[in-house]
Structures are given as C-alpha cells and as structure tokens.
C-alpha cells in the first residue's frame, strides 16, 4: 500500500471508469467525476448513507460494503443504494411497555421471518441481524438491543428481506424500550439534577464567573485530578 | 450429562413455565440441557407444499448448528418445535432433493443424522421409567391424569415415530412412573383448534369444551400437555366458559411436583386454574 | 496491512511497553503549554490566516478558508429571486439536522410551535453522528458543575464566555437525564450507575458514553423522537440565504433543493442556525474527521445578516487522526483510546507527552515530535506517531477494545489491522471549529429572531474545546435555542420578506473588488481528485 498507484477498471452502474487501485469506492467515484448529493454522509462509516452492492468477475455472490470504508476491486460492478423505502411505526415511548407485545403491535410483520439469513449476510456492519430479529420474536428486548447496537441504519437488510421486515426499525424500537424502561435510571444523575434545581451550586458558580483570569488560572493548575 | 437443547421462541416469554420446569426437572434427574448458542424461530409450521424449501431453511440451520455440538442429539420440548424440527430432519435424512437444496443454500453439510428428542423420550430411554419410579415420592399416588398429546406429537406417524398415531402411550407410561393413574381419555390426540384461536374463537371454545368433558368423563384430576398453545387454549377457554376446574399443567411441571421441586421453580403460579389442590395432595 | 518495515518498528513499541506501563509522563506546566502552542500549533503557523475585509468582523484574522467564504457573494441570484410565493410558513425554522438542530426542533415543538427542520443531506448526516468518545456532565459524587466549569475554562485557555460555560455545566445533568428518558442507551452498570471516563483536560471522570457510538446513539435517538412527534423535515435542502424584513429581523430563509435545483422560500418568525462546523474547508490543506456537509454555510449566511463571529482563528486539530492506512487518513481515532490508557509513543518507543493533555497541546507535541525531533514514523501521507492501543488490553483485559471501541476496531480491521494486537499510527487532523457565531446564554445571536446552537456557535469553548463538551453543547444550547425561539415566535410580528441585507453585502463586496467566488459552497468538490 503505497503512494504511487496503479489503475484499475471499475463499473459504476455498468459504466466503465479507470480509478486508482487501493482507494475506497467513495473516493474512486469522486475521482471518476461524481459529486455526491445522495450516497455520502459522514465519510467515516457512521451514517449509513453509502450502502453499496457489487459483484466481482467470475463470482455469483452479491457483495456489499459501505462506499466510504470498502476498497475498490478490479472489475467490480457496483451500484449504490442510498435510499430504500421502509415501514416505520410512530409511537409514544413513554407510554409503552417493554414487551414482546409492544414489538409485535408495532411491527407485526416481524413474526414472518423465514430465517433465510439474507439480512445477516448483507449487513455491512457484520451484525447478526437475523439473530436480533429472532431475539425480538422471543421478546428478548435486551438481546435485540445489544445485538443491534452498532446498526447504522443503512437499510440494506430491509432491501433483502423476503418477509418485508424492516429490521433496523425493530432494532431501534427495542433499543429505546431497553434504554428507557429496562435499564435502571441513574440515581446519581437524578440526585444531581435535583441539587442543581435547588440552587445548590449557584453561589460557587457565581464566584467562579466573577473571578479574574489569574485567579482562575491558579485554581486550574492547582486542581486535583481523579 | 449435558444435552443440546432448543428452547424455541414461545418458551422465552409466553411459556417460560415450560422451559423452567423442563430444565429444572431434568436437572434433578442428572440431565443438563444446554441451550444452543444462537438460534431462530423454527418456523412453527411445516410447509404443506413438499418443495417449499424456504420454509424449511430455518429449521435446517438449527439442526445443522446443533449437529456441530457433536452430541448427536437435540432436545426440544414445545410440541410445535418438536414437530417441525423432527419433520425437517426427516426430510433432510430421507430426501436427496431436500438435503441438497437446503445444504446448498445454507452452505452446510448436514446429513440429517441428528436425533431430535422430546424430553419424554429422554425420560423413557435415558432415565428409564423404572428408575424414575424409584426416584419419585408417593405424592402423586392415585392422581388421575389425562394425557393430552394434541395434534403435533404423533402425526404423521412415519415421520414423527412417536408410537401409535391415534393412541400413543409414552405419556401414560410416564404418568404411571410418577405414581399417577392415566385416565381414560378419548380426545387425547384431537386438535384443540390451535392457531384458529386468532380467527375463530368459537371453534376453539367448542373443541376445548369437548376436551374437558372427555377428561372429566375419565375422572381426570389434571390434564397434562407439552404444547404451549394447547395449554393456552385450554386454560383460556376453561376460564371463560367455566367448563371445568381441571387444571392444565405441563408434563414437566407434574414431573417437578413428583420430584418435590419448589413450585416457584416450575412456573406454577396458578394463573387460570388452580393446581393447589393437586399440589396439596402431592405434598400431603 | 502494515508493511514489513512498519512491523519491524512495532517491535520497538512492544519492547518498551512493560516499562512504559509503570511510567507516568509529567504534565505540562502553564508556561510549557504556552510555549509549545506558540511554536507548533497550526493556529500560529506563519501565513495561515488573514484579516477578513468585510462585514461585522472586518479586520479580524481568520484562516484563509473562512475569510474566502465570508468575502464571497451569494450563491442564489438574490436580485432575481421572487419572494412572494412562500413555500413554508412556520413559527420556527431550524436549519441543520444534526444534534443541535434536532434538539432545538424537539423543544420548539414541545412549546407548541409549528416547526420546520431543513437540512442539507439526510436528517442525521452530521458531525453528531460521528462522535465516538463521549459527553461530559458533572453528575458523580466527587464532581460538581463548578469543577466542570474550571476544566472547561482551562481547556479554552480562559477565553470562554463565562455565562455560556455556566449554562453548559449547569444544564449538563438535566440534558443527560433527558437523553436517558428518551431511551438513549448509555453504558451503565447493572444498577444504573453511568460508566464514565476521563477525557483530555478533565479532572474528573465525567465522560459518559455509549460504547464508542455515543454521537450516533444520541443522533439516532433524537431523530427517531422527531419522527415520532411528526416534526416536518425537508432533506437535501440547505439554506443558502437568510431572509430579513424591513426592520432587519430574521424572517426565514431561502432553501435550495439540491436534487431539483429549485429554490424554496420559508417564512419563519424565528430561526435557529444549527449547521455545524467547517472541517470540509480543509484549512491548511489538512484532512478532516468531519462529515461531508461541514462547510460553514451557517456562518456565511448569518454573517451577511449582521451576526458577529468569534474565535474563528482557533481551529481544533484532533491529535489522533488516522495516519495509516492511506484509505482512511484523517479519520478520527477517538480520544477514548487514550482515556482507556493507550500512550503516544515515538519511533524509539518513548513517550513524549502526557496523553491526556488538552487537544491543542497534544497536537502540538505530535507535530514537534515529527517535524523537529524527527522521531515520527514515515507513512505515504507524511509521518505519524504510534498510539499504543494494545496497552488497553493489558490494562483492562483481553477483549476490551472490541467491547468498548467496536467502531474503532471495525474501522481498522476492515483494512487488515488488528488494533488490539498492534499499535496504530496517528497524526493531528482537522476536527472542530472552536469558534462561530457569537451567542448569549439564551442562544440568541446579535440578529433579532436568529438563534444559533452547536458547532456553528462560538464562545462556549473559547479557543479550545474539550472532548465531550461539544456533544453537551449541542444538547444544552440546542434545547435552549428551540425553547427560546418558540417562546419568542409567539410575540414576533414580521414585515415583508426581503433579501436587502444580502444585496447590500454583495454591493459592498463589489466596491472592494471582492466577491469573485460564491458561497455557501454547500458541498466540497472532490471530482477528479482523491480527497483527504
């Protein structure tokens, strides 16, 4: 992997371009002359805007990657899937119970999972998507929440699901139910909020705000560190 | 001894009592069930169309993964799971086409050699009903028990291999081993209405009524089943229509009682019908 | 994958690890810190800045990239644009769908306002989504808002605006609790106690996190909630100009539909600018950690309407950007890696800076180590230093990296480097816009009815922001902006919509012979090149 790069041919939606070897699909597409509007968000593997499907010569398999985090391969045929329609339920989180019933009520199609595993195969984050849907089907919200935690909601799993499930929306519902209703609230946090609202720190903050730079600086460099 | 175990979706929440009581009772008898690491729903229905392989994929994967545990057996207790897994396993073992298609899709190499076992079979073959009899107290002595197999356990006979499809006997032998008396029960393999409960409450209510009447006619003090849906249908409708106060327990709960396992470990909270009388008899 | 030469150099790091595990590198004194910043921080690099010629900050020094933008004419044809057909008529217009904007929209809606959120890319395609390390709040027994205040002030070189810092630290616990109540999955102990770590410049462990997807977890939760509340969002429609009325009050904005090329007119009683930072301006040709839309649009349009900017001459370089592999150069290696105990090490296997100094100081030290002392490791894009990540596994146990830093781990393993076993190579990267549009503690800018929150604002962090105070800032001031903008909207009477302020600005530019470029630029242009 060095600076001077050889060129390879790639096919963007069937059209051939010569791009430097060893760069990401995203950078290669820009090199080829694309200026993204869709299909590019964070450029760092966090937003799920750049889901890309591709095939390489002599291989029947459909491959997948985030354009911002996947290297080009010679001869690859690629297309981005920047958007895929999804079914999403609206809900009032505060009023829900963290149960299987809640999941099913909002996403009844969840139980249609056939176990085909296409979702897990395609997930560019390498998540066990089928397993987190399986856990949801059993009402194991905690497992769904943890197994789906690294989901960047790229939508690729939903694009492949024969049961028409939108896995990532099931995932976020489970995570929010878990975060709100199952994980215990932080007591120290509630206590501190109460203290602040009671004005417990007001005087000290006032004093600091009025303090000259020198005095502040002295205190800063003398502060003890945990 | 630890045996690979497939709990199934329903046992995680709705029928947790079946999972708890099965694990607890078998553990007392020295059989440790170890849940498969990752698993999905079995599909709950065996596809009616012979070549609907997509409907068998989930079960085939479960079986292939279970085979990798190297034990040669897979235990499952829910009647639906047992039914589907056993039939898919049968298909993989006996149909070249099913085996090839499923393995190709899954990228596995599974030959169907796993033995899919119901805990009743384990009790019969691993523990032995004779040994079981020596192990339990006299708490259930004389208790009349209706053995409700429902429609999933014994049919189709060629694939399920669970005894006579219309008149299986393993549950009765099990009851006898616990010291109870199997009641005469003509409805023991009739369907309770199953998933029709979602669309046709009336149909299920009618069937449930017949089932209770048949059990009562045989003098049953308790009905046992291994099916979460039968259990649900029976109890839900017995309460609604007030047919009967005959409690409906999982067979494993009855086993637990006979083994004097504390009832909180058996999920016996007496939600619909009250098994308390029975328990008192058992505890004497 | 590392080259064989690099793997050879790794040996030196491994051999010194046992010794270093017991060693604490001394912290900088006040004087040493001043010196190292003066000599090595990019802000002080000769020729990197110039005074801007027009507008409220005329005469103030700032990076060329920012000055270029502020001296550019409108992107839209402001003379020809009809303003009589209003496409959206709302109480509160929120510009920017990152964390600050979404928090503002939620609070404004809660106050009963009719809200429109306009954003450039998709809702959530934002720097917020990328934040890994954590969010600060003084909510533990041994900590207090006052200690947090002192840390933030010291981090900012005592230049921060006191009323803003006070708002930041005093609202912090409330904000974390709000996120918790929305179901944000913070990393917690089984009893609910928040896990918390150190960050650079903190004197207490007050960095809350959700593994290393902290920003993503906050962003997707807020976005999900906005969807639940039915807040109207227009995507791919950046604001390209603010609208004012005859009184010079902000009265809405002109949006540009990137997909159809049409302009949309939004009349709004109040507006919130939450357009985030400016990493994609590539100041000093530096690579950046920022998302694709970080192009300072909000500063440009607010400036034309008369808003003052502060601290634009202070740019935050994150000390640990990826220096290798080449494909992801400039992307972030979260500070949490150092928070968990990884040390910075030169080619000889020696430490050269206390790893959790403030970012400006650590960046300067790395630059010194490579440039002056020539103890960097050569990489295709220049040089870098080791960040000894395997130490984390030694200190906290095997598997910690995969568990606590899944995003980082994934980022490297995609390119064949297992950071749990091998140290990684880092170099400072353009990360954060410390300054921005001047606000007060109500999140008001100097322009009537115009509020600003988040990275687009300036003053909260002074000249240098601490890790974890930005995610905090966007929630604290996003909420304040939303609430106050909704409150204000109730009493606002607007005149007719105009673009007079822009026309005047364009005219001023023309007279000065400036304005050959257009702005906002909306998106960087990487066509035909390999971007940094």
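Going in written order, the chains are labelled A, B and C, and every chain counts its residues from 1.
We adopt the following convention: contacts are C-beta pairs under 8 Å (C-beta built on N, C-alpha and C of every residue); 3 or more make two chains touch, one makes a residue touch a chain.
Nothing here was measured: the structure is a model prediction, and the numbers come from that model.
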Chain contact graph, described as a line, ring, star, complete graph or other shape: line
Which of A-C and A-B has more C-beta contact pairs: A-C
Innermost chain by mean C-alpha position: A
Separation of subunit B from subunit C, taking each centre as the mean of its C-alpha atoms, in whole Å: 58
Intercentroid distance (Cα basis), subunit B paired with subunit A, Å: 41
Separation of mean Cα positions, subunit C and subunit A [Å, integer]: 19
Subunit C: positions in contact with at least two other chains: none
Touching two or more other chains - residues of subunit B: none
Subunit B-facing residues of subunit A, complex: 99-100, 111, 113-117, 128, 130-131, 133-134, 137-140, 162
Touching residues on subunit A, where the partner in the complex is subunit C: 1-3, 20, 22-24, 27, 30-31, 33-38, 40-47, 49, 69-71, 88, 90-94, 125-126, 145, 149-150, 152-153, 172, 175-181, 183-190, 192-193, 196, 201, 204-205, 208-209, 213, 216-217, 219-221, 223-226
Subunit A partner contacts - residues on subunit C that touch it in the complex: 1, 3, 29-30, 121-122, 124-126, 129-130, 137-142, 144-147, 149-151, 153-154, 158, 162-163, 166, 169-170, 173-174, 176-177, 180-186, 188, 190-194, 198, 203-205, 210-211, 213, 215-216, 220-221, 224-225, 227-228, 230, 236, 258-259, 289, 291-293, 325-328, 331-332, 380, 406-407, 410-411, 414-415, 523, 525-531
Footprint of subunit A on subunit B - complex, ascending: 9-10, 12-14, 38-41, 43, 54-55, 57-59, 61, 106
